[in-house]
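Read through the structures below before going on.
Two complexes are shown next, each including subunit A; its partner changes from subunit B in the first to subunit C in the second.
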Partner chain A sequence: MTDLRADVVVVGSGAGGAVTAATLAEGGRDVCVVEEGPWIAPDELEPFSFEEMRARYRHRGLTAALGRPGIAYAEGRCVGGSTEINSGLYRRLPEELAARWQERGRILEFTPDILDHYASTIEEEIEISTVPGAPPLSSALIERGATKLGWRSTEFARLFSYSPDGRGTKQTMARTFVPRAVAAGARIVPDTEAVRVLVDGGRATGVACRRRRPDGAWERFEVRAPQVFVCGGAIQSPALLQRSGIRGLVGSGLEFHPTIKVAARFPHPIDHDDVPMHRVTEFPSNLTIGGSASTRGHVALAIADAAPGDDEALDAWESTAVYYTAIKSEGHGRVWTLPGLHAPVVAYSLTEADLSLLARGLVHLGELLFAAGATALYPSIAGGPVLRRRGDLVSWWDAVDRNRVNLMTVHLASTIRMGEDQALAAADSFGRIRGVANLWVNDASLLPTAPGVNPQAAIMAIARRNADHFLANT
Partner chain B sequence: MRRIERRVVALLARGEPDAARLEAIQAYVGETLRLMPDHLRLGVALESAAIGTADAAARAVGLLDDDRLRLILERWEASSVTPLRQYVRLLRSLTLYAGEELDHAVPAPPGAVA
Partner chain C sequence: MTDPSPGAAGGPAIVTGAAGWLGQNLVRELGPRRDRVRCLVRDEGERPLVEVIAPSVEVVVGDVRDPAALDRLFDGAASATVFHALGVVHAAGRTREFFDTNVGGTDLVLDRARRTRARRVVHVSSNSPFGANPSRDHRFTEDSPYNPYLAYGESKRQAEELVLRAAEHGDVEAVVLRAPWFYGPNQPPRQSRFFSAIRRGRFPIVGDGTQRRSMVYTGHLVQGMLLAEGVPEAAGRAYWIADAEPYELRDVIATVRAALEAEGLEVSPRRPRRLPLPAAVLAARADAFLQARGRYLQAVHVLGELKDTIACDVSRAREELGFDPSTSLLDGMRASIRSCLDRGEQL
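Now for the complex of A and B:
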């Protein structure tokens, strides 16, 4: 491939990159999007399937933050990014959290009114719905358990559209903002890795790229553009900047929502095609309870932590679904790039308070699932214990320790925070990187903290806000 | 994929898979290990090398048969040393996931990217 030229090059096509590309292209800029992963048509793969894991996940989902315990995390690596693999839950940024972010990081033009405006704009442009009719059983069980316990629960809206016959279609970026960007003239370059940002005389001038040829050799080329937006997500964006010699605060302050799962067996079959959309909202915002993907393989993985080799439990997968509790952690992490290593190294330090909160959440999750009718619970803890009676839940308090608990996360944020406080923020209030002209970040990296809710709504609204600011000022 | 890793996968596979199915599981696990982040793969490879060295030495005198290798894996899985425990968990998880999903995967439509 020969070198390309554009007004703006956008690296990444997930919730941040796709919104950025569509907004700038519709604003009249010549946009080129570089995406490391493949461009797969939205309907080509079954959601949460084995094939999707192979095709759309970075490292096939096998990534982990180092620490005690290590924490597995997942990222999308395809056109549309992680929006192609997530559950599509949509939750506006809580107003009080936006106010705290504004105050803590001294973020300009970040008032609730402004954020509401951009959230509304996004919501007018993409379909957000609850399930028409009754929710699937796996989701209704959350509501049933909460009702029995006198807890509040809510069906969260999702980025879904529904046909008249009730068939849901997730409104991923590959289905929404990427086609909009293309319709406005943007070029999408898939299967292409951004190796480093080109910087000349203190100004970003493009991106050096490489892509694998059919014969296995690397083909190298450049996308030259006077404006560069990096939107690879909270792990890949800081890694790209670091590989480009831009360090300082970049990569520090990683936050996410540590999550522990439980496989719950019921005395009846349960659906496995969708992710439960109900969430328990009884507890403070630092503790969430909900449901996960529960394919046959996912159920097996969840059972295996507590009961490896329990064939009888594995055979009962059709009556088993996976649920989780997630916390807003007090801990922090970091992303590094090291010479000789292609993938960034990620580390995260979980606090004792985090472990205590996870144990509390796990016990609450157990209460909920027993109240919903579960007959056996398999926590993601090496050696369990597997529980069959609510009275035994107390044993989970001590089981959540650093050497036994197996955690995961999907909501990664805060590695290139935005704001005017230069001691905290590597980017300004609109995502412009300090110290390098014409270089912007516009993804989950900018969030000052992990939000405690699904972050996609916040990422999209902030990306739209920053792109509008860019169009108005450059 | 290292030879010892193929043996570990064979031991951790659920039931008694026939040769073709075991080969498919081993291929999936091997490819996934290859795609791991470098630093994580290095850790796994070092642990595999540790078992592999013991295997090579023991095979010379006929000691490390499947039963003894299984015993090592059980000890590692119960170990308080996190990397040892996670090594077995990782290979068990990949083996189990592939074993459960490979037989039951919905065929991808024509043109799907594998």
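Now for the complex of A and C:
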């Protein structure tokens, strides 16, 4: 492949990259998007299937942050990024959190009015809805348990559109902002890794890329552009900058929402096609309870931790669904790249308070599921214990132990951070990287902390804001 | 003591941590005056400590982290006042216990209080969410900002926030009482070691001993809890509850010596050891280092804190609750020493 030229090269096509590309292309710029993963037609794969994990997840979904315990994390690696694999939940950035971010990092033009404006803009451009009619049983059970316990619960809106016959379609980037970018003239280059940002005399001038040829050899080429946007997410964006010699704060301060799961068996069959849209909102923002994808594979994985080899439990998978509790952790982690290694190393350390909060969330989750009628609970803890009665929930406090607990996370954030406080933020208030001209980051790495809610709404609104600022100023 | 609140007199009470230092003092006050005092104790061994107090006392044995134990504690006790006196002050080795019990336990207690429509929750907090005073003459007020001191302080801060949030959301009426270092009858063995070290002239004075400490006689704290239960306007508020004025640490030690002598115990003529300030600073650093790794050593923690002034102002409790801390340090310490001697302890 020969070298390409554009006004702007965007690395990545997820919630940050796709919104950036569409906004800039519609603003009249010649945009080229480099995406590491494949471009798969949105309806080609069954959602949450293993085929999908192979195709759309980084390392087939087998990525982990080092630490005690290690924490598995999932990232989309395809056109559309993680919006192709997430549950589509849409939650505006909480106002009080935005105010804290603004104050702590001294972020300019980050007032409630401005954020409202951009959230509304996104919401006008992409369909957000609640389920028409009754929610699926897996979701209704959350509401049922919460009602019994007197806890608050809510159905979250999702990036979904519904046809008149009630069929829902997730509004992923590959269905929305990517086609818009293409319609406005942007080129999408899939299956292509960004190796390094080209920097010449202190200015970014493009991106060095490589792609596999059918014979297995690497083909290398460059995308030359006077403006570079890095939107690879909170792991890949800092890794790319570090490989390009840009370090300092880049890669520090990784945050996410450590999550522990429970497979819950009920005395009746449960739906497995969708992800529950109800959330328990009873607890402070550092503790969330909700439902996960529950295909046969997910159920099998969840049971394997607590009761390996329990065939009877596996046979009951049609009556079993997976739920989770996630926390806003006070620990933090870091992303760094090692010479000669393309994949970054990710490490994260949980505090004792984090583990306690996870245990508390798990006990609450157990209460909820028993109240909803569950007859057996399989926590993602090596060796369980599997619980069949509420009276044994107390045993989960001590079972949540560094050496036994099996944690995962999505919602990785805050490895670069935006703001005027140079001791905290590697990017300015609009995502421009300090120290290198013409280089921007515009994705979850900019969030000053993990947000405690599903982050895609915040990522899209902030990406839109920063892209508008770019158009107005360059 | 007369019940300060006719409205609450005789109402059912739930006491967590009932066999603890504060819990026992509270149950002794409540037991004879209430029809029902539901008490949570940790194990069967603690049951007799509260069961003997009055026929109104009903004991529930269980872990505050156990939803099923809390169901038993709250069962049939609708519209009770919940005195949440339970807390881990010194963990056995790991800081995790502070969070599990102090934060997790409070979360579960609040949830049950809300579900059973408890009349009010009186939550016992601490000075530790506020750290040390910036100068010797400074006093914490209810408007002082959080500045939690290490894991215990952080756990008590989080617990306070849960209580105040529940009150704000209208889940339950609640009052937060911030109590510093206790003294008084029914003290745990660690406090007997304090008397015994002073008696032998082995308790160290860090620096010149003029750092100030607010302390609270358990009788004063019980008085504060009953007032917090009864005063309607206290709902959703926090109060410092301590003796009238803070003491200089050297005066505390001199008073304990006098109290020991007044109770007929011979006190070593040796003057207290003086420990240079840097030793306590070093201990505080070691404590922070260990706690960052989840480890807790009580002796190191206590030594590290001895250098600080931790003093509060009880004006708001006086004005709004009618709080009147009238027992002197000497009398309170004497009551405390007598309680040790009555149990047959050697000081």
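What we mean here is this: the second predicted complex is superposed on the first by the 474 of 474 C-alpha atoms of A that agree within 3 Å, B and C clash if a C-alpha of one lies under 4 Å from a C-alpha of the other, contacts with A are read in each partner's own complex, and residues count from 1 in each chain.
As a working rule, a residue touches a chain if its C-beta (ideal position, glycine included) is under 8 Å from a C-beta of that chain, and two chains touch if they have at least 3 such contacts.
Quick caveat: nothing in here was measured; it's all calculated off a predicted structure.
Contact with subunit B, but none with subunit C, is seen for A:Ser49 once the two complexes are overlaid on the shared chain. Of the two partner chains placed around the shared chain by superposition, subunit B is the only one that A:Leu341 touches, whereas subunit C remains out of contact. Using the contact criterion defined above for the overlaid structures, shared-chain residue A:Asp273 touches neither subunit B nor subunit C, since it reaches no partner.
In the superposition on chain A, contact of A:Thr63 is made with subunit B only, not with subunit C. Looking at the shared chain after the overlay, A:Glu103 reaches neither subunit B nor subunit C. Of the two partner chains placed by superposition, only subunit C is touched by A:Gly150; subunit B is not. In the superposition on chain A, the chain among subunit B and subunit C reaching more residues of subunit A is B.
In the superposed model, A:Arg360 lies in contact with subunit C only, and not with subunit B. No residue of subunit A lies at the contact with subunit B in one complex and also at the contact with subunit C in the other. Residues of subunit C touching subunit A in their complex: 63, 65-69, 94-96, 99-100, 103-104, 107-108, 111, 114-115, 151, 154-155, 158, 161-162, 165, 294. Remark: subunit A residues 149-150, 283-284, 351-353, 355-357, 359-360, 363, 367, 390-391, 393-394, 397 touch subunit C in the complex.
The residues of subunit B lying in touch with subunit A in their complex are 14-15, 32, 35-40, 77-78, 80, 82, 85-86, 89-90, 92-94, 96-102, 104-106, 108-109, 111-114.
Interface residues of subunit A facing subunit B in the complex, by the touch rule stated above, are 38, 40-41, 43-46, 49-51, 54-55, 59-60, 62-64, 68-70, 295-297, 299-301, 304-305, 308, 311, 314, 317, 338, 340-345, 382-383, 402-403, 406.
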